[in-house]
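Scrolling down, you'll hit the structures one after another.
Two complexes come next, and they have one chain in common, chain A, joined by chain B in the first and chain C in the second.
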Partner chain A sequence: MTRTRPPLSLTTAAVAGAAFLLLPLVSLADRTPWHSLPHLLTTTSAVTALRLSLECSLGALALSLVVGVPLAWLLARVDFRGKSVLRAAVTLPLVLPPVVGGVALLLAFGRHGVIPLSLAFTTWGAILAEAFVALPFLVLAVEGALLGIDERYDDVAATLGSGTTRTFFRVTLPMVLPALAAGSALAWARALGEFGATITFAGNLPGSTQTLPLDVYLTLQNDPDAAVALSTLLLALSLVVLVAMRSRWRLTR
Partner chain B sequence: MSRRALGTAVAVAALLTACGGNSNNTGSKPRTITVFAAASLTNAFAAEAAAYTKQSGVHVRFSFAGSQDLVAQLNQGAPADAVATADTATLGKLTVHLSGATTLFARNRLVIVTAPGNPKHIRSAADLAKPSVVVVLAAPTVPAGKYAVKALQAAHVTVHPKSLEDNVRGVLTKVELGEADAGIVYVTDAQSAGAKVGTVALPTSPIATYPAAAVDAAGQGFVDFLTSPAGQAILARFGFLPPR
Partner chain C sequence: MTNVTTIDLRASVGTFTVHVAAECKPGDVVAVVGPNGAGKSTFLRALAGLIPATGTLTVGGVDVLDRPPARRHVGWVPQDGALFPHLTALDNVAFGLRGRQGRPAAQRWLDRLGIGDLAHRRPAALSGGQAQKVALARALAREPRVLLLDEPLAALDVEARTDVRRSLRAHLGDFDGVTMLVTHDPVDVMTLASRVLALDAGAVVQDSTVTGVTTAPRTPWLAALMGSNGFYARTAAGALALDGGGVLVAADMPAGDGVDVLAVVPAHAVAVHRGRPEGSARNVWPATVRDLAVVGGRVRVTLGGAPTVLADVTTAAAADLGLAEGVDVWASVKATEVTVVVL
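Showing the complex of A and B:
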């Protein structure tokens, strides 16, 4: 420990920043009606919303994996015109207000959309809305990892007679597994917390499209205690993801 | 050097924070008031605000949402000078102190809205029960949703809505966009949408009453303006019924 002492001004600002992020979470825990928590979280509406949330977020993750991994591979390994445009487009949902995403989804996949799938007001609509905001997390994590590994592994596999598809699944994919896991966890957590795109595109109906965040929002209007209990549940789920992924996290750096 | 720069930045930030806040209340009379209003009042209140500003010089800014949402926000300490909801029961849940009496300033009725031209041939509330008709209502916590449930009960119709929107304008939007075949909104909402929706009468609709109250002295002027002849004329133009 021969390092110089960190400047006081920076430390103060950093502590203020940490407090700003932590205080709301601590307040939530503080206001949680712990003794009535089991009751509040086992009401029919809470259980329905939780089950729907798990179904939708896992569905969104599955969808993200199926199209996200190939998309990451395309961005990392194939040179083509307009690649930077595609990368920007893939990143866009990260910064786009989710409600805008919901409106865009309506215009694309609504009943009178460009591809009229009539997905509004269905659980598939909720899954689609969640996948829309979660996909970039997965793509960026996997693309970053793919860029970090030497392409010569692929070349060696090819000289040994492995086809491109087989090389991808047997050589390339196993090497980016930690990043895939980290990206999946982030994407899943983002899907679980999705609100704006879901309520705009999929609507709000218990058991069909009313996921936990929507339930929290509407419950807050007439039963703040129940809303706080649901919020604590979501916070706990997010913490579990972070703690579980912590060891993986290191590997990706 | 960098430490000094940072110190300066912190000082500037502190100064800015101190200067923020009550910049409006420099004179004896505030120049801008904040009014929390039910979503169904969106268009009418924009016109009310313009007229009120012309008359009094006070600017009005709004937060429009479902009435129950507004009351929840106020109870959590949201700052407003006045509040107007779409039913008296919701306003009754307000736990903050009101500076003036509650004033009824308008009434309203519900109507069925359909896509333009009514392609699903909806003629009455009973048609909303057909499985082929996608119906969207306001959530039962929203006044419009509560009134809609009463209207459907009175008509002896059981409807399975595809979505329960968190304010009545959400219902209108879903019908306008064609995502829903029909919805139940206020007559005034349907009027504001013009030719973008069709309407079918809902004779069993209860009468919605709109109360307003001032949260502080600054909001009283606007509440009084709503029941003045000028304020009532604007509400009538947007399809609202007089309070009694």
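Showing the complex of A and C:
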């Protein structure tokens, strides 16, 4: 096999791009106070933020699963008017500035919102804000997988006496499980890192809405070492998700 | 008769409409044949209740047209089987069976098809032929009154095809319901079917025994399926004027002029010569070799002329005659070899 030599101009730009992505991460690792890391990550405020982050992100993931899988099914399998509008709406949080999402949530579910649930500035509000930005990742992954499944499986199941609900749980869902896992990992990672929508809709109350990213931002002002330590923790969690997804991709190929 | 299955169905997909009427007895194995796009799969899906249809459908004397697929007593084996990839062979078969007896019954069905030892394999670990047998077991396990097989052998290699065909032959023989078998293979028609239902452009063009189709096909496509040439023609002055050009003489001619017929000439009855033949054949015309293909040890030659025919010659004869694309030859057919089917 012959390989063409890549042109120098492209190679240079690509190397610059790689450096641009890697350098900040290397800097973060370099500045991490590794010897005091155990101490910095076990302070009361860090543990509180970490626990809250896990609760909120897992809550957001659960919420995304409960409404996201049916949404994906609806988009993939049912023809109805306004489907393209719904799909656009589902995709919108991917590109919407999170702070705008927070404002919108405030207007919808805030104390004076369209549905005044008084969720703003509560832990439930933080969960809702995170679910808002995480949901598209899950829906798009599952919808893509559903579209890839031959509908003959549904038809066969029907001739074998299976109702729609049973077919969904015994045939369709197991077949999209890999995509569901990948979508869940992405959605969870997105929820864990959520900042803009959370601080706008849920505020920044230690113990109830101050998640890790918010804590990092505040701590950076007066305790840079602690902020770097928390950042390293978030980076590590992201890497874990990435590695888990890589092995999943290998499995499905 | 309450055991008769009566079909008079009309189903539409987009602007395409299929209308099939037929009456079947228990044990009938009906080969559903026709060109691509004739409506075979649509007909099967309408029978299974997977697409809406109007008309009549009584299975064993019971009207099932308004019932969902699950309650029609119809088993469907789609192309390639469509086994659930995440379930073992056993769980695939047991999927349609309810209750505690499901798995033992599924195992018995796999045993009957000779693949009991594969029960715990996933479809990905099964060969094409094995998967097709599991799909068959899955449909039969629900003891349907009507079994729909959509090209069950098409995706298999030659060896697996023979094996699954033998299996089908054994189990369709035991099956006391009606089988609808969509196929493109004349071997399936001759070895498995008791009856042929030929569709074209959404309508039935022939409903007869297998012998009926081999001796008196009613369309050129059906004639070709059985290895013959078929020409739409009209009687004129004791001969057959072919719609596509050319004239043929048959030994047995219907009386009168202007009768619409299909002239059937078996490919093996067409003789090929380099010079104008002197023999007794009454149909002789010049032609040009357009295409050559080896089919089952013989050479199938496409001869362009009036009419254009397929001729089967031995490889020795093909070599002897120096047949190649573009070579000018003469074709001849004895009048006794031309069958006339009055339409």
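Assume the second predicted complex is superposed on the first by the 248 of 253 C-alpha atoms of A that agree within 3 Å, B and C clash if a C-alpha of one lies under 4 Å from a C-alpha of the other, contacts with A are read in each partner's own complex, and residues count from 1 in each chain.
One rule holds for everything that comes next: contacts are C-beta pairs under 8 Å (C-beta built on N, C-alpha and C of every residue); 3 or more make two chains touch, one makes a residue touch a chain.
These numbers come from a predicted model, not from an experiment.
A.B. asks: Figure out whether A:Arg246 sits in contact with chain B (first) or chain C (second), or with both, or with neither.
C.D. replies: In the superposition, A:Arg246 touches no partner, neither chain B nor chain C.
A.B. asks: Is A:Gly163 touching anything from chain B or chain C once the two structures are fitted on A? First, second, both or neither.
C.D. replies: second
A.B. asks: By the touch definition at the top of the document, which applies to A:Tyr153: first (chain B), second (chain C), both, or neither?
C.D. replies: The second partner, chain C, only.
A.B. asks: Figure out whether A:His112 sits in contact with chain B (first) or chain C (second), or with both, or with neither.
C.D. replies: A:His112: touches chain B, not chain C.
A.B. asks: Specify the partner with more touching residues on chain A, choosing between chain B and chain C.
C.D. replies: B
A.B. asks: Should A:Asn222 be classified as contacting the first partner (chain B), the second (chain C), both, or neither?
C.D. replies: first
A.B. asks: Have a look at where A:Val171 lands relative to chain B and chain C in the superposition and call it first, second, both or neither.
C.D. replies: Touch partner of A:Val171: chain C, not chain B.
A.B. asks: Which partner does A:Gly203 reach: the first (chain B), the second (chain C), both, or neither?
C.D. replies: First partner only, chain B.
A.B. asks: Once the two structures are fitted together, what part of chain A is touched by chain B and by chain C alike?
C.D. replies: Touching chain B and chain C on chain A: no residues.
A.B. asks: Taking the touch rule as given, give the residues of chain A at its contact with chain B in the complex, in rising order.
C.D. replies: On the chain A side, the touching residues are 7, 9-10, 13, 106, 110-112, 120-121, 199, 202-206, 208-210, 217-218, 220-222, 224.
A.B. asks: What part of chain B is in contact with chain A in the complex they form?
C.D. replies: 2-3, 6-7, 10, 66, 68-69, 71-72, 134, 136, 139, 141, 161-166, 174, 177-180
A.B. asks: How about chain C: which of its residues touch chain A in the complex?
C.D. replies: Listed in rising order, the residues are 45, 48-50, 68-72, 74-76, 78, 82, 84-86, 95-96, 98, 138-139, 142.
A.B. asks: Across the complex, what residues on chain A touch chain C?
C.D. replies: 150, 152-153, 155-163, 170-171, 174-175, 177
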